[in-house]
């Protein structure tokens, strides 16, 4: 799905025209290509007065990655990233220094730069002043993200007390947020609450040797997830309804995976899936519940089949499948379950009561399943896409689609690969300290798709 | 291989011998003799000499030696009649080789019946062994057995074929000249048992241009097979299939053996185009094929020997 | 060593079958076979792998498709280093490819291979007339302008009309339906019996689809998800209302209709065959062993047997080789070229005179309970893309046998043009 407007306003004569007319000029986002630098310029690490040690530790790990890391905002650089370490703030006044340091470099950010705050969870602070400072980071970051231009994004890492800035998941999340893989993640705060996980043996193939199930893999976001997980080294079991079998076979062959045509809403589907996994793979390391449908209608006009089918596919099937996999004991030693939620499930969307109910349901399910997965050595998280250019969104009326594309800080729709990258990160060994979370991939959009 | 060297021992000589033997230096042109036959028939029609004496045959034998076969022509024939394109000449193709002589015999001044309008009633071939492509064959042709028929007078034209003095093939073609009388006598109509169509085992789709196509490979360009106008002149609604085409197709259908007797009875002409039902089966040692549309048209038996 | 080898059906994949001129009207045999192969590769995760061999074929084939199967491999997700070859045995092509690959596996020459077949009545070659062909060949050979002109002069307007492929038997001129009509009349098979068999075929195939039985046997293609010929809502009334199309020239009543005969169909099928140990090493299923096959042929040219009754003779030979009887099989698959083909086959095996005179047996071969026959429907409902039928039946039967447990046996019978047929014994591993 190409965004013609984005192509036009970024090319030659029409670019100049768009500029003079004052039209919004969405930037081409920096996206992952193997071999590219993690960030497009030097990394500046800023810190509050009490976070020096944390900042030094982070800077050292970044230096180990052969990055150009600076602790002071000096010199004439186009900064590739600014990491603002705010783990030491104890009162609102402590935000002032780092905020104003950051202000000084905002006009010197490279195209596709990253601003990442690293702070502690407000909910864990018993002291009101500390809580105010920690919560303040939230507002600072979300507002800053709306100011950034040129494909730059701002996101925050929120660490539970007791989770070191150099814990595997904190470093993994930081790297993800700095990288091109998080192109369409903007204005988000991701919480790391555990010290689990470990860096992959091969950073280029973090899922090497792991078996991953992707549902709804025949096209769109599911196909992108399959390709991304295959790139990361996973052996794939791809599932879709029998009617989508031809697309599924093509994706399976492209990713050297296997195709299983199965309607996950049928009564015996979880058992058939378990048997298939047991006989063909022995176990599963990664489960991505991606299959989803929309049957939009105002609630006033809702029909039972529209309501029930959406709930059945989007939330009931993931519930039953995860449960069956857990009961059968076919999940690996450190399983990763990733579900697809939606910004509609967070903010609501007119005409999508059924869809939003199912996707909000996924968020509730993930939160409740986190302790269950933890006892199995694993994690469960959700990714909530915003407006993603897919065959499904291509069916949205043209004008609505144009408006929906622009209603976010990046002024464009995301791509399926943006969702897939977030999922691949949450599925990676390094994300073991992140569970029960919802990561939005929406360009900081609050309108559901 | 010199054809002349085998002439003295030709099998035909021993068989008849009651008349002159005329050895032809080359195979007569069919076109020329058929044109001549047309003229002769016109003369016969003009003089209305419709009575034939029982001893009207003069016993002449026409002999041609060292005939060879063009492989392309053989292949075309085999394809057309549905025979495998083997180097073994189908018995029907040997008939084609001998046919110019038979034709030449029938247009000679002394032959008592007109060529054009002769109806092929039946054909019987006895083959000792197949002729193989590359063998030179000698052919001797004579006529015998002028016989009264209820619709006219019939005659047998006998062709004998040998290879290096060895008799290998003998064909008897029985033709009817309608409206003639033998010594003024007529024969009673032979009783034919009523015929009931059996369950078919196959069907032949015979195309409109089949007559022209068989004429091209056989050389038999009798216009009743190739021209609708000529066919109408002889009382047929359209052109009719060559009897020897249908007999040859039946022989191929019944899997031609090496040594056998092959008899075809042409019960009724097959007008082109048409689809006829056929039944192939067995009758004791014989292989039998019948073809019919509304009425019985063809009955072929192939009886392998030894 | 060879004795321990067991060729097993790992699984199968086919396209849904379309009626000629339908969903696949503009795709070729090569497209269809490649699609079926790709679906199989995806199902068993074989992308990029080099398999021992792929054998397949088509009955109606363009000359440009002389290497059809190899071209399909090159176009598929399999490694280009997988050898492939074409087989053609009319409607038994699929069975013969299975025989070929299974035998090589048993022999130890292959560990794994794919058997298959494809046919498209929509992609049938249109040829020129014999006269035009001859004239063009002469023209090509002609050296001088005069010779060329002479060759061209032989061409008549009527020679330029294209000739559609004829499904009639070359030696008899009768179409397959006309041949079956003779057999139908000879065995006195009623219209009602034929329609009942057709109805069961549709109902059973529809039920199998509804139960998800074909989820791992069929991959949709060109927006076709199920066999286009399938009529789940057909009935004896609807079937009874159809006019007969074959046997109208006979003096017995014509009973064969478009409802109890298979239509011209487009589609492709594939079967993954492997030595049992190869499958086990990869965690792939072993549905059923290909125990043995037998080919048969009858003399229909001279009316000795019906065109489609070769399996009537082949099955007793195969059973005798293994000391089995019809009662040893949990399921029997008899290809429904026509409903009457199946019924004539059953009647022949039940007929003491026929079994004595023609099969040389003391008594009847036996009868087959309809509950065991074509349990998930067959060609009357699914359609019959000639070379693809064997693969469809064997994959379906193997999956059904696997569900019935180790040792369950199935008998497969596929008749073919030219008076031939191939039959097989499958046994759940």
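The first chain written gets the first letter, and so on, giving A, B and C; residue counts start at 1 in each chain.
Heads up, the rule we're going with is that a residue touches a chain if its C-beta (ideal position, glycine included) is under 8 Å from a C-beta of that chain, and two chains touch if they have at least 3 such contacts.
Everything numeric here is computed off the predicted structure, so don't read it as measured data.
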item: Any chain that touches subunit B and subunit A; value: C
item: Of all other chains, the one whose Cα centre sits farthest from subunit C; value: A
item: Comparison of B-C and A-C by number of C-beta pairs in contact, larger one; value: A-C
item: Chain at the geometric heart of the assembly (C-alpha centres); value: C
item: Cα-centroid distance, subunit A relative to subunit B, in whole angstrom; value: 92
item: Interchain centroid distance [CA atoms averaged], subunit B/subunit C, Å; value: 45
item: Inter-centroid spacing, subunit C versus subunit A (mean Cα positions, whole Å); value: 51
item: For subunit C, residues that touch 2 or more chains besides their own; value: none
item: Parts of subunit A lying in touch with subunit C, wherever the complex brings them together; value: 235, 242-246, 248-250, 252-263, 266, 268, 279-282
item: Residue ranges of subunit B in contact with subunit C within the complex; value: 79, 82, 197, 199-205, 209, 253-254, 275, 277-282, 287
item: Partner subunit B, residues of subunit C touching it in the complex; value: 130, 158, 168-174, 178, 182, 185-186, 249-251, 300-303
item: Sites on subunit C touched by subunit A in the complex; value: 35, 38-39, 41-45, 47-48, 77, 212, 214-216, 218-222, 225, 283-285
